[in-house]
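Each remark here refers to the structure printed beneath this line.
Order of writing sets the labels: A, B, C and D. Residues in every chain begin at 1.
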Amino acid sequence: MNVVSYRPKPEELAYTFGGRPAVARIQPGTIVEMYTEDCFAGRVTSVDDLPSRVCDFPYLNPVTGPFHVDGAEPGDTLALHLVCVEPARDWAVSTTFPHFGALTGTHTTAMLTPPLDEVVWLYDVDVAAGVVRYHARRSDFTAELPLDPMHGTVGVAPGASEARMTITPDAHGGNMDSPELRAGVTVYLGVNVSGGLFAIGDGHARQGHGEVCGTAVETAMNTVVAVELIKGVITPWPRMEDDAHLMSTGSARPLEDAYRISQHDLVTWAAYLTGLDVLDAYQLVSQIGEAPVGNVCDTNYTMVARLPKSVLGGPAVYESAHDRLRALGREYLAQR
Amino acid sequence: MNVVSYRPKPEELAYTFGGRPAVARIQPGTIVEMYTEDCFAGRVTSVDDLPSRVCDFPYLNPVTGPFHVDGAEPGDTLALHLVCVEPARDWAVSTTFPHFGALTGTHTTAMLTPPLDEVVWLYDVDVAAGVVRYHARRSDFTAELPLDPMHGTVGVAPGASEARMTITPDAHGGNMDSPELRAGVTVYLGVNVSGGLFAIGDGHARQGHGEVCGTAVETAMNTVVAVELIKGVITPWPRMEDDAHLMSTGSARPLEDAYRISQHDLVTWAAYLTGLDVLDAYQLVSQIGEAPVGNVCDTNYTMVARLPKSVLGGPAVYESAHDRLRALGREYLAQR
Amino acid sequence: MNVVSYRPKPEELAYTFGGRPAVARIQPGTIVEMYTEDCFAGRVTSVDDLPSRVCDFPYLNPVTGPFHVDGAEPGDTLALHLVCVEPARDWAVSTTFPHFGALTGTHTTAMLTPPLDEVVWLYDVDVAAGVVRYHARRSDFTAELPLDPMHGTVGVAPGASEARMTITPDAHGGNMDSPELRAGVTVYLGVNVSGGLFAIGDGHARQGHGEVCGTAVETAMNTVVAVELIKGVITPWPRMEDDAHLMSTGSARPLEDAYRISQHDLVTWAAYLTGLDVLDAYQLVSQIGEAPVGNVCDTNYTMVARLPKSVLGGPAVYESAHDRLRALGREYLAQR
Amino acid sequence: MNVVSYRPKPEELAYTFGGRPAVARIQPGTIVEMYTEDCFAGRVTSVDDLPSRVCDFPYLNPVTGPFHVDGAEPGDTLALHLVCVEPARDWAVSTTFPHFGALTGTHTTAMLTPPLDEVVWLYDVDVAAGVVRYHARRSDFTAELPLDPMHGTVGVAPGASEARMTITPDAHGGNMDSPELRAGVTVYLGVNVSGGLFAIGDGHARQGHGEVCGTAVETAMNTVVAVELIKGVITPWPRMEDDAHLMSTGSARPLEDAYRISQHDLVTWAAYLTGLDVLDAYQLVSQIGEAPVGNVCDTNYTMVARLPKSVLGGPAVYESAHDRLRALGREYLAQR
């Protein structure tokens, strides 16, 4: 088993997809162990650390990478299987942030009203108990919420010689903030540049649908990824697969366009996999498809379109990459 | 137990919320048994019945009602508990419809491209097996999908002397097309006119999230509703409650505004129920709230914001109307 | 010349399109002299009259009418020519209004931020000088702006048995808030119910594009309208014509859909009038069409698509109704 | 007078803002003479040159530059005065383009409908007569439209280490496609990187509002720009000034957010320039502001907010850079 470990120093964190050299070259079939910092670059450590004071824009939402996958060329697809996503700390933070979030004016949805108060919440992350513990700031109210670790940000270098802030989700992936990005899922990303140059960050101990206040339960992660390269297969928008579902994503504004992209991709993908006529696939997805919301707060909004594989008769997807990567991941975990 | 039965003749079906006299007056505490026609007014009965030929716009999406609830006045809330929602036929239909649906130009998202083909799919509804059976039109592909009966359309007369097509969801309810509107849920609707004037229709044997092609698995329903009146409590947008969750809805365009309305209502409602500061509630909903999509095809789009009651400590909601109506529904079912 | 005069008593003002009986029946070819109240129903008369205190929702944006045009049936078009629009007072008001306007959270673009301050501005309306005079509230700054009287709200009863608040613009017209609705323009409205039932209100001494703060320079008007009926011609969305331009409108959200509707209508209308292929018309409109913004603050947003008639070779439009009505209006003015 | 001339070879054309070295260094106060290619990189030369065949995505919308302005640092503002914008050819082209334009499904507003036909229109550009001549493709119809040369694309390197396709408008400028970008206007762009790195392209012999079909009357240009640097003044979004107006821009989706950004910037800028209270400025802009539409077809949509300078009392703007650059441009033209 080919295992590569990488823990970035603070100055090695990346703040764009594209525009940066790889931190490592890996072969397809490799397991990558990595450490990811939280979206505040670890600078918010108490309720007194207001992000607008301790963070320097645009040094937000760092990712670990990028990793160059040998042989990856435009027109191929990278398969990244999240073997495990484990909180690296026993605490996490979440905040409001001036002009960010779904229920406040932003730099885009520009308003003359003043921003909401900037407040920090500190969570306990209790991996053993499988919970995160919420503490209200203005009363004694507390609540235990299920731990459900995931990555907000997974992506590759974009095409067209672009470099994009890691906070932006688009066709190259990026900050999709979908709770589906948890251990056990395989992410498929279309390759735009030689090596693909994938990177991962923005760990969440858990998040709600849409990340309405703008941030999730943000924490550092120890994450393990199994990587495959699928040659000659184009992936127009990030897709995901878990044991039971196929998923397409779309990231755009307005939110209905994110919905349209994701549903369009799922419909045409289902038609391709099954030989169904496109309108027949449209009908089928209409009745059994789900649409879990990713984010409704970033520079683009994200929606996921999800379909049970069983309803399609369990087609072979991406040359069965998910099954192989799942097996590889189990083997890795068994040896660890 | 006070039980009222009502089965509309075709000419008694309603096509607006508001602007119509009540078909019956009921007391709070009543059980209403009703029959609802499908969204095509029952005119599409085979794959050869193209809706653009057999239906007359605007006679689409009929509802059964409206029902006048004695004592209901503006500023009150109606609680409608769906005791059962049972398909009244062993078949159902779904269609594409010219200039309707999320992945085609519409009269609003106006395009110069021609419409998609108009196609009808006929489903078997097998209540005993708990499935609906999909048959592709352009191949032999079939699939069994879980039966999950629900109503696309539940609402009251709007305020401001308006009358609205039943196809439109807004603050008065209407065609929200949320799969949450299944048996076991209590819907809370703010009263805008004397008697409230609620009506129900658009039964779906099941639907996916967003009703992407524009129609669900459409069928007639035998539906039983238990009704309560909560005096002096305002409900700004339709809310729902089941045994485990509180839900707020929003219907608007663009879709992010439907999201904003529903999340804003859920956050402020949670703060009200728990005494939490609004920003504390915003944070809590951000991490544990769900956002199941209703429709992304109607004249307004609908999103639902959902929160486990447990995380709020199980507060008493609407004077515990859901618990009482649930008990009344069980009593009714036991006697039937 | 057939002239009808109508001045509504306060209790005769209408607050919906549809759902109301006509205040008068008129023949095609009639001149209607009417008085319209301002959008506050005349209740805001000083800077101390905050609308949230002196107005009762939903009694906002009253219109004068509706007028029944003899012979008008669904499938016909009403042509309303604005002969003159004259301020009925030497003052006007404008205000911010809680949760209304483009740069604040609203009931639809729901925000947790508090609303902007509610402020009233009192304008001098100096018809002789052709200006309105702005006075800042929090300094001594003043400015003279050109007088340009217009009506924010012109419409007919909607179809599908609907009744809509006058504040909403849609396919039936309504609160489009386009500065094009000034004297000299002919408005074409598709008839949805017998008699058409047109009504007019919401006079503005002038307004900017989009009515960004939510209200214009609001005042009562003495308005004269010349009316024609065009039998057997359908008008899908309100259109306008002045001596030099054809105009289509669209009202929807998001704003790009209002743009799409208006441009789609203008392209297909231009193709119809000239015999051009639709793509040829699309190309032509793309290069010479204008898109003056109506409102970006109401329940639907409005855009206008405008084309010089000269570029189409001066086609006969609606059986040359504009030319006839313009002549009739001049005759009326000469006799007055 | 310091004059720099630059005519890029085909391989020197730039396809991103950011991510590229400067083609020349210039001093503030310099006049730059440049040649710009059309948005097809000059490859569409007849009605048989379909862009999808002769162009290679992403090599669309080339710009000339970038130019490094000595002394420009983040926090400063570049003032670019368009001295002249002159068609470099006596012909121009416009096209539909699959999945591009406002009245067709796109990669973002994803639809299952097939794209519109791809068609090329060839225009005569008659500078002497001051017209462009349109020829219908599917009939003999022709029309003369006023020549009104402008640049669709003007921008600087974005911040946050981003590189963006030239087709995208955002806070750094880019493909705003506003007809205001004609000779006589001064564009103000906030500097994000050392040298600012401005570039210009996408000449249009004229365009309508919104560029509804996706392309304007596209041609190469000989353009002259006078450049100043304003130290220590931040410009959040591109602004423009001509002899009579101040203009702010916003580029975003949905279109109402582009409107909000541009109006918000104009309101706060007007308040800053005059000392008016922000709500007083909001009111004033509401009544006298215009909102000319830029594009409703690119990856972000663009709106402009325009205000007569006279209404503000003719304040000194950006240290009167426009007046100085206008004088410099006249001096250059007199000497040419």
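Please note the rule applied: contacts are C-beta pairs under 8 Å (C-beta built on N, C-alpha and C of every residue); 3 or more make two chains touch, one makes a residue touch a chain.
It should be emphasised that the depicted structure is a prediction, and the values quoted were computed from it without experimental measurement.
Undergrad: Using C-alpha centres only, name the chain that sits farthest from chain D.
TA: Computed centres place B farthest from chain D.
Undergrad: Between A-C and A-B, which chain pair shares more contacting C-beta pairs?
TA: A-B
Undergrad: Calculate how many whole Å lie between the centre of chain A and the centre of chain B, each centre taken as the average of the chain's C-alpha atoms.
TA: Comparing mean C-alpha positions, chain B is 33 Å from chain A.
Undergrad: Provide the C-alpha centroid distance between chain A and chain D, rounded to the nearest whole angstrom.
TA: The mean C-alpha positions of chain A and chain D differ by 35 Å.
Undergrad: Quick one: chain A and chain C, Cα centre-to-centre, how many Å?
TA: 48
Undergrad: Touching two or more other chains, which residues of chain B qualify?
TA: Residue numbers touching two or more other chains: 103, 109-112, 116, 253-254, 260, 263-264, 267, 279, 282.
Undergrad: Write out the stretch or stretches of chain D touching chain B in their complex.
TA: Spelled out, the residues of chain D in touch with chain B are 103-105, 109-116, 254.
Undergrad: Which residues, counting only chain D, touch chain C once they are in their complex?
TA: The contact residues of chain D facing chain C are 94, 96, 102-103, 116-117, 119, 121, 132, 134, 136-139, 141, 143, 145, 206-217, 253-256, 259-260, 263-264, 267, 274-277, 279-280, 282-291, 293, 296, 301, 303, 311-312.
Undergrad: In the complex formed with chain B, which residues of chain C make contact?
TA: 15-16, 18-19, 57-58, 107-112, 159-165, 250, 252-254, 257, 260-261, 263-265, 267-268, 278-279, 282
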